[in-house]
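One structure is given here, and the rest of the page talks about it.
Letters A, B, C, D, E and F name the chains as they come in the text, with residue numbers starting at 1 for each one.
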Amino acid sequence: MTIKINSESEFHSATAANWELDKIVQELRNARNDWRSLRGRTREPGLRELPSRDLLQQIIRDLCGALFPMRLGPQELREESEDYYVGHTLDAALNQLLQQVQLELFYVARQQGNNGHDLALKAQANSIVRTFAAALPNLRRILDVDIQAAYQGDPAARSVDEVLLCYPGVLAIIHHRLAHTLYQLDVPLLARIVAELAHSLTGIDIHPGAEIGSGFFIDHGTGVVIGETAVIGERVRIYQAVTLGAKTFPTDEKGHLQKGLPRHPIVEDDVVIYAGATVLGRITIGKGSIIGGNVWLTRSVQAGSSITQASSRNLVPQEANL
Amino acid sequence: MTIKINSESEFHSATAANWELDKIVQELRNARNDWRSLRGRTREPGLRELPSRDLLQQIIRDLCGALFPMRLGPQELREESEDYYVGHTLDAALNQLLQQVQLELFYVARQQGNNGHDLALKAQANSIVRTFAAALPNLRRILDVDIQAAYQGDPAARSVDEVLLCYPGVLAIIHHRLAHTLYQLDVPLLARIVAELAHSLTGIDIHPGAEIGSGFFIDHGTGVVIGETAVIGERVRIYQAVTLGAKTFPTDEKGHLQKGLPRHPIVEDDVVIYAGATVLGRITIGKGSIIGGNVWLTRSVQAGSSITQASSRNLVPQEANL
Amino acid sequence: MTIKINSESEFHSATAANWELDKIVQELRNARNDWRSLRGRTREPGLRELPSRDLLQQIIRDLCGALFPMRLGPQELREESEDYYVGHTLDAALNQLLQQVQLELFYVARQQGNNGHDLALKAQANSIVRTFAAALPNLRRILDVDIQAAYQGDPAARSVDEVLLCYPGVLAIIHHRLAHTLYQLDVPLLARIVAELAHSLTGIDIHPGAEIGSGFFIDHGTGVVIGETAVIGERVRIYQAVTLGAKTFPTDEKGHLQKGLPRHPIVEDDVVIYAGATVLGRITIGKGSIIGGNVWLTRSVQAGSSITQASSRNLVPQEANL
Amino acid sequence: MTIKINSESEFHSATAANWELDKIVQELRNARNDWRSLRGRTREPGLRELPSRDLLQQIIRDLCGALFPMRLGPQELREESEDYYVGHTLDAALNQLLQQVQLELFYVARQQGNNGHDLALKAQANSIVRTFAAALPNLRRILDVDIQAAYQGDPAARSVDEVLLCYPGVLAIIHHRLAHTLYQLDVPLLARIVAELAHSLTGIDIHPGAEIGSGFFIDHGTGVVIGETAVIGERVRIYQAVTLGAKTFPTDEKGHLQKGLPRHPIVEDDVVIYAGATVLGRITIGKGSIIGGNVWLTRSVQAGSSITQASSRNLVPQEANL
Amino acid sequence: MTIKINSESEFHSATAANWELDKIVQELRNARNDWRSLRGRTREPGLRELPSRDLLQQIIRDLCGALFPMRLGPQELREESEDYYVGHTLDAALNQLLQQVQLELFYVARQQGNNGHDLALKAQANSIVRTFAAALPNLRRILDVDIQAAYQGDPAARSVDEVLLCYPGVLAIIHHRLAHTLYQLDVPLLARIVAELAHSLTGIDIHPGAEIGSGFFIDHGTGVVIGETAVIGERVRIYQAVTLGAKTFPTDEKGHLQKGLPRHPIVEDDVVIYAGATVLGRITIGKGSIIGGNVWLTRSVQAGSSITQASSRNLVPQEANL
Amino acid sequence: MTIKINSESEFHSATAANWELDKIVQELRNARNDWRSLRGRTREPGLRELPSRDLLQQIIRDLCGALFPMRLGPQELREESEDYYVGHTLDAALNQLLQQVQLELFYVARQQGNNGHDLALKAQANSIVRTFAAALPNLRRILDVDIQAAYQGDPAARSVDEVLLCYPGVLAIIHHRLAHTLYQLDVPLLARIVAELAHSLTGIDIHPGAEIGSGFFIDHGTGVVIGETAVIGERVRIYQAVTLGAKTFPTDEKGHLQKGLPRHPIVEDDVVIYAGATVLGRITIGKGSIIGGNVWLTRSVQAGSSITQASSRNLVPQEANL
């Protein structure tokens, strides 16, 4: 057997990699510079600009352990050392969170042309993390109610512990309550990253701005979307692929999108929404209503209603030409 | 340039983090204690109570390598050392699994007020893992049929190897067959965790109790939900966002949910169900039927049926007021 | 207290694990051998056959850092060292990619009975990676347009940086543009793995063969499916659970699936498709059309159309008996 | 250019590795079996027999952090969380240590033909670790004295903190005091492993049996050897390459080595021994003596002596024919 | 077989670990507080006080890679990306070093009662690291001369590359030249930690203050000690267990050790000192002298001398009563 | 409190690091280029030139596990899976070793101006690793004898297992026997790296060329040096700080060092050499001799001799003027 290589250059191209790195690095720099000058970012901060998804994932993981030490903490944890674990882990998570909060505050300041004096921002970051930390015990109590609701709502659930450990809906609501706390403390970028971590893990997409009462349960969950200004009462239960969305995006007279206006549904206490239902716009679903699977709903229903596909179509003639 | 800090305390709040850890740790302890006394968990086991999702993920990863060594095993594996790799990896996975099975058995025993004598439980755990291990070779053979079915069912597939490596439906069925084996061996919590690992990776949510024949293929898969008592025959093919769910939750005379009753569909051999179809209740889809996209189906159809949106509406007048 | 163990063997079964490894390893080998002989793989290559999902995940992560260093790169990156980071990270990613490309080329060659002479394949792999690398700067420029589109399309977005960091739709399009480049360079298996990485992270399933113009934005995204031969114009916007799929699989006269034929929709410039819409077959959605939520569409619509559920049903009577 | 490979087998030997693993694994098994049967180890315990050097290294590292949290603990530790860190780290270290103590106790029991009933051994292991843990606070106080002595004894030292962080002599005495505590608690194998960890890091070889008073300082240290039955008083200072060894090994009437007899020097309070001195046998160096560099000493010297090379030779004529 | 446990508490002590953590943590806190109040450290800084050995180890490892990229850098480095690797790695190392330098400067400031205003210290730290960085290219050139000297000095050496990769003497001099640069830049604690890293790896103990000319070579090296004020010329070669030490520690009139005075030997160009020689005090070994193995030398020798054990004894009668 | 920063540049120098990376990277490149052109290395290989110490450390660690699985293998190993562990670990180690052997062979070829045709070198590397692998079972048997000798030689040893786990002398001889095998297979650079790994861990410096009979034991060991051409018989025992060195380096008529000539001692069977003895030159220590502590010996002694400091001085008058 004889292997033929016809020329030395062919041999070298086969065995020695050469990527013309200098050229590519230069062109990538050009692309960055063009983008920056286009956006008026002529003076870069010199440091990476943005919080880190990976670090927030670690922070959330630590907070889950601190909130539920004997169930989501490390395998070898013993009850004697529970508080030490909680204190140590919490401290690590809060210190890391402080860095991320600072990054967001600095970033926002830079966007507003505010450079250099960052001591006040550091003080603000400290205050945010302190408030966040103080909120954790109550958040744990609310989550206990959520978990209890999940247990009671699913005939396949064997124990509250299984629910905590396995259910994507529970994972999503833990993330949401942490994200919503960050959102209320004016670090919406961190809040959004936490929400997207849950989205990636569970397929459940809850905007951190949504206000959700206790005893909330999502079953299965993949494809659920809940918008920024949605308001959800106590003991609400929803299933996979439910959308609580906006019907239209309000624009001002110049046609610019108007951000922050209420545009998602209000869902009152004890409502159940079955899989695949689509609920759009600033409508109200009255207390105790049941919304059937795959229903398409764009107007309010009063308390105690039971809406199915057929009936929903009668309700919403005006959507025929959306 | 002069930076102004108005007071020493302002300076310290800016530079020294202080989270009042003692207070938060104490309040978290109070929350845990309240929850425990509410649930009558006055005597804690002293050790972490529950299996670990992270460890099960590692176990499944190792089992995948042991089942398909030259394709899902380590990059540097050579055929000469295949059996050594399989034996060593299997041993590591089974030893880890033994720990997790013990945790579930101990947990269940504690739930039933059964403390202290754990030697019998350890023997039971050993027996479970031994049975699980013995089932693996046959499971590999069934998976080969599933993979072949996936290859034949998708015009975009170039080889059985691509299918094994890339297709989320294949990843889901590997997880399901492992989870279902654990479910049959009476460790439903571990089974559920394995199912949720697949759900998180693929968006496909198959309850580990579901019985699924060989040659099963899910294409795309995101949003598929298959319930606990579903029974699926040979060579069935389903697409994304298909639900095989329960129509109602049976309750006993006191209104308590009755767990474990058959409440999900029976899908016979060679059925195809297209994307977005919703099939609810203990109905039977006869052999060889085709269920069209987005169909909503709550009553049985005979063998060889072809159901589309239009025809399905005619079939189910009684669902109008769900 | 006295613990009773009734026999020595009971004691040993409780404390010493024994999995009968030799038997299981042998049976797994039998299963592999049966499978191999069934498929005519009598002469194995001696080395692991296939590219690695884990390594491709790392490669993509590195490429994201090299493309957006100050935003997706390491937390501690400073502007002074930006180019060093880009060059070093790119080099690592490309060298790793070279290994993976070689694996795919070798694999394909083996499938075709072509063993032994791999120098030409190595040269081909080098050429592929060189071309891929050279395409990166332009790809960055296109992604900047996508990100700008995402920012403008979502009223909840606060900055282009939030969009880059958080939005699953942006993550999906970054993966897709890398995967599509690999697809065009004739390494479809690598391309598919990259696509499935995005699918797992985001619930968005875009076949790497799909051709997508710039300024493309997917909001929320879970459940989106875009098929292999889909063609999408400039500035198209789609929402969660939209399917751009095939209606039927063309078969040849012998009933074999015909691979590679155009079978997915053409979506022209400036089209918007709302959540849950299903668009099937080689149809064309004309420039600037709006397709409403949950619409089921299987025939072409002309430019500027606005299709809703009601109107769509009128459009497609022929699909009644799919 | 043409590459010539003369035969296919030559080509394969160049590109495909083959180690004849089966043969080597079998021969290694034979070697193990021969060794086991030679030593009468016909019934193996089924599990790895011995404690782990790597795990003990981690345990010692954690104990160092718990003893000196703000100086040897993690970089990001803050004073507020000091106790949480100490409690959590201590717990991790002690739980790990418990496993290692059990391994040594089981191992010794097996050596004595004692199989099966290990509950009493587990209780003993618990008791050992509890006693060890209770000794730590006093051990920290003694180490503070050692560190102070090191600081005062070296003109190059700038602070007690530098001494703790840098000096190999301090590292060695920390290890020794932990190892000696284990030695006294009858787990001599663990003790020895800890001593050898220090030996590897510092070149200082102190047998864990040696009794050493407080305020002990070794400068530079490489090559220091201190034997099992050495007794060292308060405030002793020694330099590199000093040996406190045995002169002869006592044997019984049958010529077997007699283990455990006092055979190493007694060094009284405030003695200084300069570099390279060799002190052999159960002799006593009186309080406050100074032993010069490279001195060879095999008989006792009274308190306050100052021994140099010349004078030492006069002292020890009987060693001429050792 | 029946296992007997005589009491419930015995059973629990066997199976449930309990370390009385609260008590030990409290006692350790007491020990720390006593130590702190004894040393007047009533106001702790709130953060870990000291640089980290582990981080410096990583920094040195990175600097070695940046200095000798194709020989000590990563295995997969290619020449095309050499500069990118060097720049990126250097940047990482320098940024890390900056943190460590700040820690030392803050620490020293606190020791001197200087709290609060750390901006000037941060500027000083920046300046130190900048100077350190600028010194690296020249340091590489000097190390090339050292390596060449090692190659020429050892008959067993096969290439300069083997020398760089294997010789502990080379590892030690690389560390020393980095440590000495830090020492000159007034961060002696960092310098000392780097020196001790080398000591631990090689058994060679060179104080970072020692001044050493180029072409320096230590063979074997274990047990070598070189003191703080030693001055060594060009092309000096020394062997294992050589000491260049102080004879006495000068004290002031109050008996306090006087730090920083010249007290170690001056070794002129081209001197060779064989294994085990002990050279003490501020003496001068003249250019080109040879000091034999195990020689004990405490007075100066003129250029070109050749000293052996016998002759050295004649030289030093006055040391008889050290 | 007001913090004063006098100028903006002072503020920036305090908060923004800038290392002038471009300049330093360029100067380092100049230094490398100068060095390369000085050494005639005008055409670099394009890839890292040399084997890796870190990878060899991992290889040795794996080989130790494969040789002594139940004692140096992983903690969780069970006897049932011993062979699988051994085979899998051995395979990993040998594959890694193959890469390292190739690197050394390529390196040597390049040094000799031999570029391009590396297939023959790959075949040679394979052959070397195969031979190395085949030698392992016998090597295990010899090490069993060494360990038995260590156990019998130390009165403080409690078991052969303690000896294997703790004794640096045993660690050194394991490394040496592996290194010597590599040395005999003509990969002296790898052999040397393995020897230096042992040197770093134990302070024992054995050149891989030294020939050492079975039943060899080094006690304590720090400072032991054994040269390249030393020949040591069966059952020899030596203590810390013993040197078996060369007296002079033979040079040829041009004054160049002559490499490879026998220049170190021959030590016959059953010799004991106590701590600190220095034995130099190609002399022979006759069978069964005892060499006392600190003896300096440069001429042969006959079998059965007992040499002490005093007697050794009489033996060697000619060394007075070394």
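By our rule, contacts are C-beta pairs under 8 Å (C-beta built on N, C-alpha and C of every residue); 3 or more make two chains touch, one makes a residue touch a chain.
Please read all numbers here as calculations on a predicted model, not as lab measurements.
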item: Common touching chains of subunit F and subunit A; value: B, C, D, E
item: Farthest chain (mean CA position) relative to subunit F; value: A
item: Repeat of interface B-D, chosen from C-F, B-F or D-F - more than half of residue-number contact pairs shared; value: C-F
item: Distance between chain centroids, defined by C-alpha means - subunit A, subunit B (Å); value: 23
item: Where subunit D touches two or more other chains at once, by residue number; value: 1, 3, 5, 11, 17-19, 21, 25, 46, 76, 78, 80-81, 83-84, 86-87, 90-91, 95, 116, 203, 222-223, 241
item: Parts of subunit F lying in touch with subunit E, wherever the complex brings them together; value: 1, 3, 5, 10-11, 13-15, 17-25, 27-32, 34-35, 39, 44-53, 55, 107, 111, 188-189, 192-193, 195-196, 199-200, 203, 205, 207, 209, 222-223, 225, 228, 241, 243, 245-246, 249, 257-259, 278, 280, 296, 319-322
item: Residues of subunit F touching subunit B in the complex; value: 1-5, 7-8, 11, 76, 78, 80-81, 83-92, 95
item: In the complex, subunit E residues that touch subunit F; value: 66-67, 69-71, 73-80, 82-83, 86-87, 90-91, 94-95, 98, 116-117, 119-120, 122-123, 126-127, 129-130, 133-134, 136-137, 140-141, 144, 155-156, 158-162, 165-168, 201-203, 220, 222-223, 240-241, 275-276, 292-294, 306, 308-311
item: Residues of subunit F touching subunit C in the complex; value: 17-19, 21, 25, 78, 80-81, 84
